[in-house]
Amino acid sequence: MTTSSVSANGFNKFLHSIRIPPVYYFLLVIFIGGAALDFYFADGQILTNRAILTNIFVRSVALGIVAVGQTFVLIGASIDLSVAYTISMTAVMSSFIMQGDPTKVPTAIFVVFIIGAVIGLVNGLIITKLGVNSFIATLGTALILKGILNATFANFTGSVPRSYETFGYGRIGPIPISIFVLLGVVLLGWFILARTKFGSQLYGVGGNSEVARLSGLRTHRVLIGAHVICSLTAVLTGLFIVSRLRAGAPWIGPDGVYDLESVATTVIGGTALSGGKGGVWGTLGGVLIFGVIDTLFNQLGVNPFLKNVLRGVIIILAVASYTLRSKREAA
Amino acid sequence: MTEEQNKTTVLRKTQPEPLLEVRNITKRFPGVLALDDVSLKFMQGEVHAVVGENGAGKSTLMKIMAGAYIADSGEILLQGKKVSFSHPQEAHEQGVSIIYQEFNLLPERTVAQNIYLGREPSKFGVIDIRALNKKALTVLKELGADEMISPTALCNTLSVAEQQIVEIAKAISFDSKVLIMDEPTAALTLVEVRILNALVSRLKTRGMALIFISHRLVEVFDIADKITVLKDGQLVGTELAKDVNAEKIVHMMVGRILDHYFPPLGKKEDFGEVVLRVNNCSNHFLKNINLELRKGEVLGIAGLQGSGRTELAQALFGVMPFKTGTMEINGKTRTVKAPSTAIKYSMGFMTEDRKAEGLLPKQPIRDNMLLTVRSMQSILGNIFNDGIRKSRKMVPTLAKQVDVRTDNYDREVQFLSGGNQQKVALSKWLASNADIFIFDEPTRGIDVEAKASIHDLIRGLTKKGIAVLMISSELPEIIGMSDRILVMWDGSIAGELPAKSTESDVMLLATGHETNNHSNKNDEAGKE
Amino acid sequence: MTTTTMAKSSRAVKVLNTIWTWIKKIPPVYPIFILIFLTVGFLNPNYQTANGIFVFLRRASPLAILAIGQMFVLSSGGFDLSMGSLVTFVIVGSSMLLNNDPEKAMITIVIMLGVGVIVGLINGVTVSFLKVPSLIVTLGMLLLVKGVAMFWSGGAPRGYFTDNFRIFGRGNIENVPIFGKFPIALLIMIVIALLSYYLFHKSNFGKQILAIGDNVRASQLSGVRVRVIRVLAFVYSALLAVVAAILLGGYGGISTNVGDGLEMQAVSAAVVGGTLLLGGKGSVPSVVFGAFTLEALFNLLNLLGLPKPYKDAVQGLIIIGAVAYVALSTRKKR
Amino acid sequence: MKKSMLLVVSVIVVFAMLLAACKPAAPTAAPVEPEAPVATEAPVVPDAPKNQGLQMDAAKVAPQFYNDADFDESLQLMKQAPLNPDAPIYMQYLINDPVDTTQYKKAPPYNICFSNAGVNNPWRVVGYTTMREQVEELRAAGLIKNFIHVDAQGQDAKQIADIEDLIATPGKCDLLIVSPNTSEALTPAVEKACEKLPVVVFDRGVLTDCPVVFEKTIGGYAFGISGAQFIVDNLPEGGNVLAFRILPGVDVLEQRWGAAKRIFEEAGNINVVGVEFDDYNTVKTNTIVRDYIDRFGHIDGIWMDAGGPAVGALEAYQDLGLPFPVMVGEDQNDYLKFWKENNLTAIAPTFPTFQWRSAVLIAVKILQGETVQHRWVLPQPDVTQENLDKYYNAAMPPLYYALSGAEDMKNWPDAWINVDTTKYVDVLP
């Protein structure tokens, strides 16, 4: 074998190994189509204005972080509908503990991550040990969190110190810090899924839990781990949102529809609801699609009610493009 | 025992301690006693074949040894020490690994990821991908399959045989002392079987204990040192391979002489007109299928796994319809694009995989029996007339016909024994008044008694003028039941054999060998 | 003599055993409902009168209807999350169509039922033919249907509900022997429950829904037209959502967020009524009582003076408990 | 199996306890008996311990939105006549706080951008319609070219991103109008916008003084005072009051309830048995009213911080065959109709929707360099028995708001009867 053929081989292998998720072609089409529409019907800012381009990402940060966590859960053939209230819980608890005092920031962050881990643990335990379907289990914990939150904090509570707002509004050079955080979470998510034993085991558990069990995996532990990770990403989303809103209120999670939208973007990104398949890069693509259409609708001045109609259509069509050729019956 | 250098020989000579031993294992499933007080010893450097009918308890025993099931009672000894595996991983860690009958690969993951699932080479939880692929390649090389299979290929791109090799690679990658193989050769071609046999000998000289389940007695005699026969969950006996012949083993397996076991074949005058004729039909899997099925006959379809037996049934029944060619049903040309059409043209299909394809596990016996009748009636039918009551009255009759002994038809079928489940699955086709029956492995996984009664049932059907197409991987069953035999190989029909052909005739065709006399035999069959 | 007494006692044990097995067969939702309702009646004498009970039943009727519809889809192995939005759509759309004209009431109801059929068809066809999981399809429809309603009305519905439209949700049949007043909403619920009972438990339709929910592959191979059945289940669910919406509109008047969260309440009621998620088991009477149980529980919490938000928390605990109970008891059986 | 179940249950319990421990105020899990003494809890207001409703969580007023000085000022403003009585009501102001705007002066036509919290309730629909009709009239007059409307659909996070989008393009907007979704959350975004262009905030406020004009009618305090005082004046002896709020966290709404609460507390003998959030949902409101009647036997006065679901509450009485309570609603047409048809003892404090058109008119004034009021306080009339006939218009739809101030517009009343917010064009070709 000559060196040149080795390197060519290596390059092909590389191309093969990165496997660009198909959602990015969809994203590209939407982006180009959107830019063209924007160019003809509005002021063409999407392509020319860097601030609007970065804002597409900033819009995607909150949903993106939690969608990474949702990807873990969906790969494990589970689902987490409690993320919206986990986000609320985080936002409320962190601003309640901080009370505008910069010295309390570490305590607050520590406490909310612990709470997040406990929520994930409870979800995981109910699903694995009590054998409750994940849809109902996490819907149930969502309702419990909702009740506790609304009964305890009826309002904006406390506030975050100015310094903490850097997370939401700060920039490194021209690029908002939050974008780095999102990319960091995606990279970490990718690393865990693709490069660690845990990730590999999660694919196993989601793909076929019986095979995973027979291969000697502790399937319950793996699934619980995925749920804990998902709740932790929800916590991070909550911390990000509270830094932008200055204070936390119980409704910010459900108002953002983070539960269903994180599932929708993850599925659009190519992760199957049935598990064992997908990855965080696809999810990022799905989230960016939502960011692009949001920006596009604003640029074009689309009627807000029509936006929801179009969102619904896009969710269904995007997923249909994957499932159309599948032989299995859907339910 | 001080001379370490010649350990193996010494051990053999002096009645050594077994590597793995099971004592008094009993395991019960709902409605079935799967294993009844079974004790066995497995030695180092020895290939030990475990044979038995379907449902004899072989797979259950293997799963208990590998930690996938927990025995109700009894104990397992590994190198003389008592062990209890509550989880397959514990078995792996102690050196007992297993290849299962069903495929156990994750289709969306690579070969290397599958082989080392849960045991990836890693530091602090981070996988060393290069080492992973390298290790996988080494294992594949050991199997001589490194040219054929790349460690980075996704498993859903592999052929059935390649997947089987990956399974074997996965099992031997454990550096095990004991390797259990549950029908590893079922899907392999002869060449691949030879590779496997060579490999088994290699593993044997390494000092491993190999446990081997197979239906193919020829192979068993090729590589096994010892043969154990199980029947109905009980141990019949263990023999040295060189001391016995196939007949003896078969006798031990079935416990009676074959002629008594099967109902008499049909007589020529019983066969009526052709009810199903397939002319040059093909689809993406099947090539140029031609066949005729007559009233009152049992047409056996033989072939190795992956030869297209099940696919043929699915094509006939409209699950994976033919793309080209014509089909005639009862003399009229018909296109069958969906099972519901096939049922309309009075066909019935007993599927191979009862649990996945034949039954509604959570529904009562009654609703399972009436499913096909209901699917033929109008959707809203029966609300305002007494059709439903009529249908309900059918249930006891059907139960009697298939000999399901229960007075509670509201029992969920998931709680029935395998044999009764199969009878329930059969009864829904009796209810639909089908006159062309396709049976795909009608006696898989049920006990001998139930088996016999199903065979009687099939014969009973043909006596009523029903045409039966019976697919089976069990040669004795094919030979014992069929009035004619079609043998499939590589998606096409390799040839036709008359009733009472020998197993070797069938096997030759099934492995892709042209028989010189097969056309003659056809002629003879025609003359008779 | 010991032997005879023993024989006697063993016979008694046998009888007790048979009684016990009968009791075990009763779905737990009934005793739970009775227990909660008795407590409610004990705390508030209103619930001891026929009128009080009717008020309660009328209030529970829309949820019961929604839960039945949801149960049809759940039993077939799917989800219908678009119900709540459809309720909103019907309420907003009816007020637009009625435009204060009592003569349009009938045609409005017919049109809305038509909309229900269309929404159900889209749900069902997308699941069956495009093979998109129903969770995603109906989630998309949730956004879409509400969006259309808001887009149509511009956010503020136009007309009043006329009295002849509201009568279904609000009216009573007067002078009914024994009962006195009998709420029309309850009557409609009973009619729908009976119809659904026949469809689900007696007709081929219901048996085939259970069949595809239990094992799609086996059903298909037995000739069940899986797609047709699935589509019909979604259509029926959407139709019942429309009926529930008409009752809710009659009961509460025009509001643009009546439907919010109703789909999850319907799932909860169905699950409390013993419906198996992902298909294969369901029962109309149990689900109706599941809805009643949920409502009675909310009443109980109110009478105990718990803050309203705890209603959600209790609902969460109840559905987890109901599913865990089923999961653990079937695991034990195996 | 049992072990794992125990584990899960204990984790849930620990979790709940953790939350309860973190809770900012008095425990809520303890059932509150109607006449139970509340000595064990630290009473919020020492002189009104009987008002258990005033100690519910929903009764808490967010301190950052409420202060007594503003309460007093509102009380003062309610009595005050406009300083420019000749202007139409939607341009009148009650206090003098002039600000010079010559630095913003530009040649027309103008491009005005509007970041809207949402068009998600009927009050906002009527206001938005009025606003857009005003824009069309100004377009006809050649003063406005583009009016770019961005809707946040009730989400803070989205509105922040929306504002960032709008100010990202220099020259796209000459002026930014903001109707904030919530006050605290939108403050940073509005501050950022102020650095780049003139900003007009209306309806709900923000916690910064940077906008050129913050415009609204007298506001939440006045709304709360009018309704609560009416109940204090008309409630029969020993009557129970139930208070409804739509949602927490909005300054205007917090102030309404804060003011009402103070009036109730100061009156001393008003027994507020409950404060509940109704999510602006009539069915929910109806149910809550029945629940409270179940629990307390009779509810004699209902106070609402937003009258949208008022008819839902009243219908509960109608269905139960009970006499109507002393009622506080809003100027929504269905309520006025119900009031008129059933001769209620009722009042409708208002938060007039005409302030939406004021925002546009003020924006144009700023861009023309005219002097405007930095804090522009518009008058806020109540609908009472005396003037009910003036405000109730049978021709208008049920979700119309009487104080739209739109009667002098070109498309009156069709644009408000057949509401179509989709017909307006943002960017002119």
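Note that the chains are named A, B, C and D in the order they appear, and that numbering of residues resets to 1 at the start of each chain.
Simple rule for what comes next: a residue touches a chain if its C-beta (ideal position, glycine included) is under 8 Å from a C-beta of that chain, and two chains touch if they have at least 3 such contacts.
Not measured: the values here are computed from a predicted model.
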Labels of chains that are neighbours to subunit C and to subunit D: A
Contact-richer chain pair (by C-beta pairs counted) among A-B and B-C: B-C
Gap in Å, rounded to a whole number, between the CA centres of subunit C and subunit B: 45
Between subunit A and subunit C, centroid-to-centroid distance (C-alpha), Å: 32
Where subunit B and subunit D are represented by their mean Cα positions, the distance between them in whole Å: 72
Touching two or more other chains - residue numbers and ranges from subunit B: none
In subunit C, residues with contacts to at least two other chains: 151, 154-155, 217, 220, 307-308, 310, 324, 328, 331
Set of subunit A residues in contact with two or more other chains: 126, 130, 144, 148, 150-151, 303, 305-308
All pairs of touching chains, each written as two labels joined by a dash: A-B, A-C, A-D, B-C, C-D
Parts of subunit C lying in touch with subunit B, wherever the complex brings them together: 198-199, 202-205, 207-208, 210-211, 214-215, 217-225, 228-229, 232, 276, 280-281, 333-334
Contacting residues of subunit C [partner subunit D, same complex]: 44, 46, 55, 59, 95, 151, 153-160, 170, 248, 251-258, 260, 299, 302-308, 310, 324, 328, 331-332
Residue ranges of subunit A in contact with subunit D within the complex: 41-43, 45, 49, 51-52, 55, 58-59, 62, 93, 96-97, 115, 118-119, 121-122, 125-126, 129-130, 144, 148, 150-157, 159, 165, 169, 241, 244-247, 249, 251-252, 255-256, 294-295, 298-299, 301, 303-308
Subunit B residues within the subunit C interface of the complex: 30, 317, 319, 339-340, 342-344, 349, 351, 356-363, 367, 370-372, 374-383, 388, 415, 428, 432
In the complex, subunit C residues that touch subunit A: 76-79, 126-128, 130-137, 139-148, 150-151, 154-155, 212-213, 216-217, 220, 226, 230, 264, 267-268, 271, 277-279, 307-317, 319-320, 323-324, 327-328, 331
